[in-house]
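The following blocks contain the structures, represented as structure tokens.
Here come two complexes built around chain A, the first alongside chain B, the second alongside chain C.
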Partner chain A sequence: MNRVTQYYPILPVLLAYAILFIVGQTVSGTWQLVATLLFYCAMGQAFNIFLGMTGYVDFGYVAFMGMGTYGMALAITRLAHLPGLGAVVIVIGFGLALLMATLLSLAVGAVALRLRGAYFAIATIGVNEGFRFLIEGARIWNGAEGMIFTAQLVNIVGSERASRLMTYWADVMVLAIAVLAAAVTLFYMRNRVGYALTALREDEDAAKVMGINVTKYKIIAFITSACFAGLVGAASWALKTPYVFPPEVFEIHYTVEAIIIVMLGGAGTLLGPIVGGLIYGISKYYLSIFLPGLQLLVFAPIIIVIIVMFPEGVVGVLKNRTRNTALGRFII
Partner chain B sequence: MLLKLDNVTKRFGGLVAVDHVSLEIERGQFVGIAGPNGSGKTTLFNCISGVYFPEEGQIVFDDIDITRMPPYKRAPLGIGRTFQIPRPFSSATVRENVAVGAMFGTMSGQISVQESLKMADHTIELVGLQAHRDKAAGSLTPVEKKMTEIARALAMKPKLLLMDEAMAGMHPNDIDEMVAFIKRIARQEKIAIVAMVEHIMRALVNMAEKVIVLHQGAKLVDAPTQEALADPRVIEVYLGHPKET
Partner chain C sequence: MNLRVFKRLMLIVAAVGFVLIGCQKPESKAPEKKAETAAEKTAAAPDKPAAGLDKILIGHPACLSGKYAKAGEQAVGGIKAALDWVNNTYGGVTLGGRKVPLEYIYYDCESAKEAVTSLIGRLAMSDKVHVVFSPYSSGLTLRGAPVTEANKILYMDHGGASNAIFRQGFKYIVQTIGPATSYHQGTLNMIKATDPAAKKVALAYEDSEFAKMVMEGAREHARKLGFEIVFERTYPKGVTDLTPLLSALKASNPDFILGGGHFEDGQLFNRQMADLGIDTKALSLIAAATLPAFYEALTNMAEGVMGPSHWEYGVKYSEREAKKVGLQWIGPSQDEFVALFKKAVGKEMIPDYHAAEAAAQVLAYTLAVEKANSVEVDPVRAALGDLTFMSFYGGWDVDDTGMQVGHTMVDVQWQNGERVIVWPPEAQTGKPVYPMPTFAEKAQGKKAIAGM
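Showing the complex of A and B:
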């Protein structure tokens, strides 16, 4: 494995996203579905860096997406009236989204990452709910009333471009974030970070004795994952739908969806979040069309069957099957 | 002097697990730590590798006071360890397991991932696991797991290797082979080995230059192997009082 071939696994990732994009652009009426799938894949891709690579479950994960949404919303609402900034506001919005997600992840990580396994999971459940009630109760950032900033967005980029931004560019940004998250995942896998994370995921005490500063690497994974979540929130929840209400962004439902996507696809694998996101998104979409009202009743057993059949996730099983074959070089 | 313990004491509540133990280990020396169940061997190991910090006493390794140093800082100094029940990183391949040792051991920070993998290949050949190199470590047999763990520890290029009941559960023929192998490597690489032995005295007799016997947390005997094993106090600890006639 040399310097170039070790990065081959990015090719199927790019291929999958390219196909998704082309289908959405050429087959009429599919863009909304593709956009939803891209959102699920990006969310899975971001979450996988922490959940998949460290084995720690963060139930407060969606709070980072909420932070990103608020970062973008604040940039647009507070800066829209300034003349001459134009679309730069959106760049600033992404910057603010990154900053706020990073700050929250540092705060949460500094406290919760001292805990192990299940205790960490329990501690993080409170983060999301607590943050939502803090914003609502203390009336931070307009509190429970939220922010609607369609007008400001139109003000910044013009009405035609604003609608193009909401219906097309925001989704393309989500796609770009997903690809970037996958690239970072692969880069980590091929470097010390990845080896350290694998070691601590499998056996934290043995990893320590092997010379791995487990806290440092857990925090690296946590912040990276939170940053990508913030970006997904900013693009998908603030730019695509220019409003934000606390109960909508701090909704634990999304955390659960992200966990399912990562586990379905294969925790800690590179391709897993895409496969998981596609399986999850497509089945949810079509079930709600063909069995409206009953979709969850049918969906749950499907997920259970997949998890039982592929305990390591679809890609996890595929990876073990193709190990040491020509195909195996591309699937991790 | 490579490792020096001075009056090390570790308590768990009212239980004194390690009781004022002092000992010295020379570079490249092969030392056996023996003692019946609950005599404090594992706790002593955990104090040296940093899993526990002792309440009293001092641990000096290679002229550095490591008494309260976190475990991940000890490995780069040259302290390696294997566990009683092998603990390889199951989902990773044998090669990746061993590469972790190279990457975070004494060459931590000076060796690239590619070089670590190359070194892993070399170490894997040394322990004879070539056929299993690209298998997930979790899929191996117990003996192969043990060898993976030993390879991982050797790839750290340690100055001191703590082996926790390395021979437990192995076939006598395998033990002889393993003993010969470990002894050869230790001599080649000038690694001091501290091997914990609970039951298999036979391994100890073949391996160790000196034996330290612990009893109820305290050091009972610290002497060259043959002498230590013939010591009446050691026999008493293992077999009880000779019957009065």
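Showing the complex of A and C:
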């Protein structure tokens, strides 16, 4: 496999996102649905870098999205009064989101990544709740009151642009983050990082014996995943919805959603988070329209059936079926 | 049957299920989903002249599941009850000389922000509704606002009490629920009217966005009325011991206390005041004191304790009261509303304030469309700005930002184990017991019973 053909699997990813984008642009009334689907895909894509590639389940994942949201919120609220900065504030916000998510992932990773399996999962359960109570209890960044900053966003970019930013450009940014996360996943898969992560996922002790610095590679995957989570939070929560309340951005529900999306699509696969995000998002959307109030009764069995049918995820099964075929080189 | 065959069978069942759900016409699922067909038929409705309209569409991303499901169920029931009244008793909305019925399209947003925007996108662009009613909570209301603004659709808020919503510069949002800052205004007015000698007030409340906003309004109104704030302190969410705070509060010797945040801390507040023997003339606790569970948990210790509420079953707002204060009256009487609500939800259920404010919002929209003689967003928004009326929910008026300023909270007091509405006078079902009995008296079984 030469250097170009090994990156062919990015093509179905780009195709899927291009179709989503075109549908959102051309079919009336679907852009906000597409935005939601992009959010689920991006969240899954970011989470897959850690969960899928290492096999570790991080229940504190939403905390990184929360940190990203706070990063953007702080940039907007603290810099809105400075004249002449304009959209640069948004760039600073993304930088701050990255920095804060990285710092938190370093702090959490330094402690929790020394643990394995269930112990790691248990150690991370408290991260989001602990961080939320720290912010509320110590009254950091406005504490429990949170921040509402639509007015500041309007000050920075103007009324029309702010409206467009909240209803369109924030979603386009989520799309870009999702594509970038997929590209980084593929890059890792085709390089030393990916091989090391695959080895440690299959048997950590054996990988260690073979001379792989497993802690180093776990931290690389953890920080990368956290960075993308921070960017998703900054775009989808802070820019699309210019407010931040601690209970909403540290809600464990989103971590559970990310786990379901990755498992549905296929943990450790490139295309899996997109397929998982689409199945999850579309099912929820249409069930909430056709069976309002009862959709969860139908949704839960559907998820169970899919997991039973495809224990390795939809893309995982597809990958096995297409192995050694022409199609197989595109599906990983 | 081997596993492989079973799996295939399950896959086919799941696929068929999805296809069936996808192909299903919404109207066949539930009667209220008839609106979907109407929406399709009147897809270009907002662009047509008002005279051509055969239905006015109200869209709503309702919270029917998730953390706000109870409030969502009440709101949907209230809206359906009000629609029933407008369409069948009132005869429809007078528009261009014709009576046009209202129709209600709602989906379940699962109390999740992602669903709020996608469903409002659908309501605005595919269903082409004329107005969107907000989901419950300030956060979810804020989430939907940019989408309705971008689509130039009227967004009516019956679930988001935060004043901050109206400081963001949104043009098309109008509030029905009273803002958080108004919660204790009635309590303060009542004490001012009942006991002009009372001067010292203590504020002790939860460190949360909602409670802080409530107390911001209370602080400002108290100062306006000439009260002196002798103590003000917050406590963290999930607090398990308030004795240090209450001991400090006791030292400030207030005439009355305003406090609370949620049910658990409100209950703790009352219990530990009793333990420490802190007696004041009045105690008003937000969110907790109006709930039946508050009295069930505290029994006699809750006697005389008050709490503000947007609306309570039993309020005395009526056409006669409206005439007295010079306001237009619209809508069913309270008893008619309760009957319509029970019919709408299909069970024996008493509506709470979530239902009442959602219903009042339908009445406000009806009057605004009639006043504007249009369903176009700008004239209706302008009409809502000029509108004042009274319904079974109370008064209705908004300021320039769209924030509700005409609705007065009602104050409820526990008297002899019953919730009695003691303020405002036009809604009261009994006189306030002031000062409330001391905790020592209550421990001996004394009840808060108003004198004749």
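One rule holds in what follows: the second predicted complex is superposed on the first by the 332 of 332 C-alpha atoms of A that agree within 3 Å, B and C clash if a C-alpha of one lies under 4 Å from a C-alpha of the other, contacts with A are read in each partner's own complex, and residues count from 1 in each chain.
Please note the rule applied: a residue touches a chain if its C-beta (ideal position, glycine included) is under 8 Å from a C-beta of that chain, and two chains touch if they have at least 3 such contacts.
These numbers were taken from a predicted model, which means no experiment stands behind them.
Once chain A of one complex is fitted onto chain A of the other, the partner contacts of A:Met166 are limited to chain C, with no touch recorded for chain B.
Contacts of A:Asp203 after superposition on the shared chain: chain B is touched, whereas chain C is not. In the superposed model, A:Val154 makes contact with chain C only, not with chain B.
Of the two partner chains placed by the overlay, only chain B lies in contact with A:Gly211; chain C stays clear of it. In the overlay built on the shared chain, the residue A:Asn324 is in contact with chain B alone; chain C does not reach it. A count of residues in chain A touched by chain B and by chain C gives the higher number to C.
After overlaying the two complexes on the shared chain, residue contacts for A:Ser28 are found with chain C alone; chain B is out of touch. Contacts of A:Val89 after superposition on the shared chain: neither chain B nor chain C is touched. Comparing which residues of chain A touch chain B with which touch chain C, the overlap is empty.
Those residues of chain B that touch chain A in the complex are listed here as 49-51, 70-76, 81, 83, 87-92, 96, 99-101, 103-105, 108, 113-114, 117, 134-136, 152, 156. Across the complex, chain C is touched by residues 28-33, 35-36, 39-40, 136-137, 139, 143-146, 148, 150-151, 154, 159, 163-164, 166-167, 237, 240-243, 245, 248, 253, 283-293, 295-296, 298, 302, 305-306, 308-309 of chain A. On chain C, the positions that touch chain A within their shared complex are 7, 10-11, 13-14, 17-18, 21-22, 24, 26, 29-30, 62, 64-65, 69, 73, 106-110, 112-115, 117-122, 124-127, 139, 142-143, 145-147, 149-150, 162, 164-165, 167-170, 207-209, 212, 236-237.
Residues 1, 3, 190-192, 195-196, 198-199, 201-203, 205-214, 268, 320, 323-324 of chain A are the ones touching chain B in the complex.
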